[in-house]
Amino acid sequence: MKKIFENDGLKKLILLILIFGIVQLLITTGIISPYLQETLVTLCINIILAVSLNLITGFTGQLSLGHAGFMSIGAYTCALITLNMPTTTGFILGVLAGAVTAALFGFLVGLPTLRLKGDYLAIATLGMAEIIKVIFINLDSITNGAAGLNNIPQFVTWPWMFLFTAGTILIITNLLNSSHGRACISIREDEIASEAMGINTTKYKVAAFTIGAFFAGIAGALYASNFYFIEPNQFGFLKSIDVLVIVVFGGMGSISGSVIAATALAVISTLLQSFSEVRMILYAVLLVIIMIFRPQGLMGSKELSLSVLGRLGNSDSKKGRV
Amino acid sequence: MEQFLQQIINGISLGSIYALIALGYTMVYGIINLINFAHGDVYMIGAYIGYYCMTFLKLGFLPSLVIAMVICTLLGIAIEKIAYKPLRNSPRIAVLITAIGVSLFIEYATMFIVSANVRSYPQITEGLLAQSFKVGNITITAQQVIILVVTVILMVLLQFIVKKTRIGKAMRAVSLDKDAAELMGINVNTTISFTFALGSALAGAAGVLVGLYYSSINPFMGVMPGLKAFVAAVFGGIGIIPGAMVGGYCIGMVEVLVSGYGNSKFRDAVVFAILILILIVKPAGLFGKNTREKV
Amino acid sequence: MQILKVNKLTKSFGGLTAVSNVNMELNQGELVGLIGPNGAGKTTVFNLLTGIYVPTSGTITLFKDGKEKKLNGLPPYTICQSGLARTFQNIRLFKDLTVLDNVRIAMHSNVKYGLFSSFLQLPSCKKEEKELIEKSMELLKIFHLEHKKDELAKNLPYGEQRHLEIIRALATDPVLLLLDEPAAGMNPAETAQLTESISWIREKYNLTILLIEHDMSLVMKICERIYVLDYGMVIAHGTPDEIKNNKRVIEAYLGEDMSNA
């Protein structure tokens, strides 16, 4: 038993299968009601969005207030494809096309704007997302304007959702544990030193932006395929802020933090469901309180690693492995 | 040509509103480097206070304006004390999120109290304020004149405070170097509070003026103008007071012209496109100086 | 054999000329000092050489593997990849990262596996990552930092932070190393040790070193040649002995220091 737990890859796999299996079981037995299933889908989408934004903002240090813009591109691309091709192939194609289109936009937008720093970049990305929104509102013939697209075929099921969410987390975590990921992180730490150590900072900023946009595109595509209906205003400034709040709440530079924060906020949101009138007020107050008392977020830049989990289950191994 | 002049006049009115809001953004940014997202909501509160003063208390325009400015001043100081001050030494992003939190709080609390309905400002039907003047085929309403006059008076007053008074000098010192200012005996906290007070008063005035001009208000009316006013502040060079004024008028003008000659649906997109363009070409804004990090 | 030639290098900031018509030649394997009073423009010369500032005029030429390469106008990362590495006077480590990560980041430009390989942690990625750790540990041994590999850079004592800066620069695999006041803030014993380490590094990695330093004992002991900068201009260059006796230098800068030496 102990030997199995020493293989990191295997541990991850077991954990993933466990999560998938348990949730699948709860769905089949009806313990997770259809309403909770919707919450689960929203949660997964938020995780994908937060993890991908964390790559841009938390790890590479480039504050973006326009993540919802990339999400909308993914959503519209996928919706338009599945409306014309309502098959599973169409769905897969839609998600991929949505991700690639969003990534392309991320690249095109990132190239000129990533020369900007801090708040200037934030406000430029915000502007970019607003422009994307206005374009979707005005492309009446394709996007049906402000009224939005209706009757989008629904394909998202728990296995799909799990596949994309786990895939996003794995790929981004792998990236961050590689030399390329460290190059990104070094930009956050000290851009001048990073450049002086031979790192093409522009390239890696744009890469992080493009990869982040890619996964935001996936999140958007899944959103469209689950909720039947999309309109430009769903992907406004507030959506971008929602995602940023998850990232900061979980801890900038902590993937597990993003996952935990997204989950915590989903739980809070579900609990407050019956107080819909004051829900947003409480959410806002909570936000301010958290920032005042824990500005670094739940996890800071630390990760909840498997070795920590392993230690919990395995009290005789004192030292966590690296 | 006449149509163009008419658009310019409309642009000046809208630009005045943006300029008043942008001033608050730029001063707060200049002093604590914070994009105060709640600023647009202070403007919204100003509009509501004006509305209640005029409809329920039956006050005239000027008393309503003053009351709105005073209450917004208090609100601005309260926001700073409760939400931002505890975060003075926290990471910038935490303060930014707090600002967003405050903004959401004001919006939804207002919605909770006054409901989400759109309210109509009382139309002034008699007296001087109901007049309009015709110059050729161009119409100038008394409201437009009032907006311009009030804005100019407030701007002159602001310039006077910032340039000629002790507290203004303190504001400039703190925005240059907080620590050095503190060592020179300036009370930094008071100065920051004062900056919020000034900015919020201007936003409150803008709220009443916009209510008068567009005659309808709702709890989320501050979001877009807030963002655009920030664009205006960046356009002129953030932290620079004349920059915010010029920026406000430029953005107002652009919006009116795009609506008038192009497609009004693209208005917001054009404003943000200009923002991105100016950031790329001259990130420090029209009046800003480029600064570089010392290595 | 010449490795770097600096010709009429000039940098003005607005009306102020920080560096003016500097000529400099470095030969393979040399250890050269760059000295001068505060504000003479030494660090500006480093910033020009490493591309952080773009020269107003003049050329910087690197001779490497029998080829010559103009460096002026290139971005810092390209210059670093061409073989010029530096340390910073005001320590610019990646503070919140571990010692090991600081070194590994500097090795990044020689990493061969691509982004895609890193997404899936393909064998090519894993193998090279392992090699990176081994190489980093080798470098960390120079200053006995190997047992501190998992500490955050900001938690190292000041002297070790300076050491880590040098190791990080070495990790970029340079031919020419630029050290900006490596002994600043060190006590005499530490400085003496650093002096030895610098000589040792030069031998071991077959490097050319250009160094800015205020500690004259270090400069005079290890530098073979010295350039003296004052008001952005080279006012003298030669061997330590020549510099010691150069009247202009004594006037401009050394003064009492040297009469005591």
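The first chain written gets the first letter, and so on, giving A, B and C; residue counts start at 1 in each chain.
In the analysis below, a residue touches a chain if its C-beta (ideal position, glycine included) is under 8 Å from a C-beta of that chain, and two chains touch if they have at least 3 such contacts.
The shown structure was predicted, so the numbers you read here are calculated from the model rather than taken from an experiment.
Distance between Cα centroids is largest for the pairing of chain A with C. With centres computed from Cα atoms alone, the innermost chain of the structure is A.
Centroids of chain B and chain C (each the mean of its C-alpha atoms) stand 50 Å apart. Between the Cα centres of chain A and chain B there is a gap of 34 Å.
Chain centres here are Cα means. That of chain A falls 41 Å from that of chain C. Of all residues in chain B, those that touch two or more other chains are 295. Annotation for chain C: residues 52, 88 touch two or more other chains. Chain A has residues 192 in contact with two or more other chains. Here chain B touches chain A in the complex through residues 29, 33, 35, 83, 86-87, 90-98, 100-105, 107-109, 112, 223, 227, 230-231, 234, 263, 265-266, 268-269, 272-273, 275-276, 279-280, 283, 293, 295, going by the rule given at the top. Chain A meets chain B in the complex at residues 57, 63, 112-113, 115-116, 118-120, 122-124, 126-128, 130-131, 134-135, 137-138, 192, 237, 241, 244-245, 248, 252, 277-278, 280-281, 283-288, 291-292, 295-296. Listed in rising order, the residues of chain C touching chain A in the complex are 50, 52, 75-77, 80-81, 85-86, 88, 92-97, 101, 104-109, 111, 113, 115, 117-121, 125, 128-129, 132, 150, 168-169, 171-172. Those residues of chain A whose C-beta lies close enough to touch chain C in the complex are 171, 174-175, 177-183, 185-186, 189-190, 192-201, 207, 301, 322.
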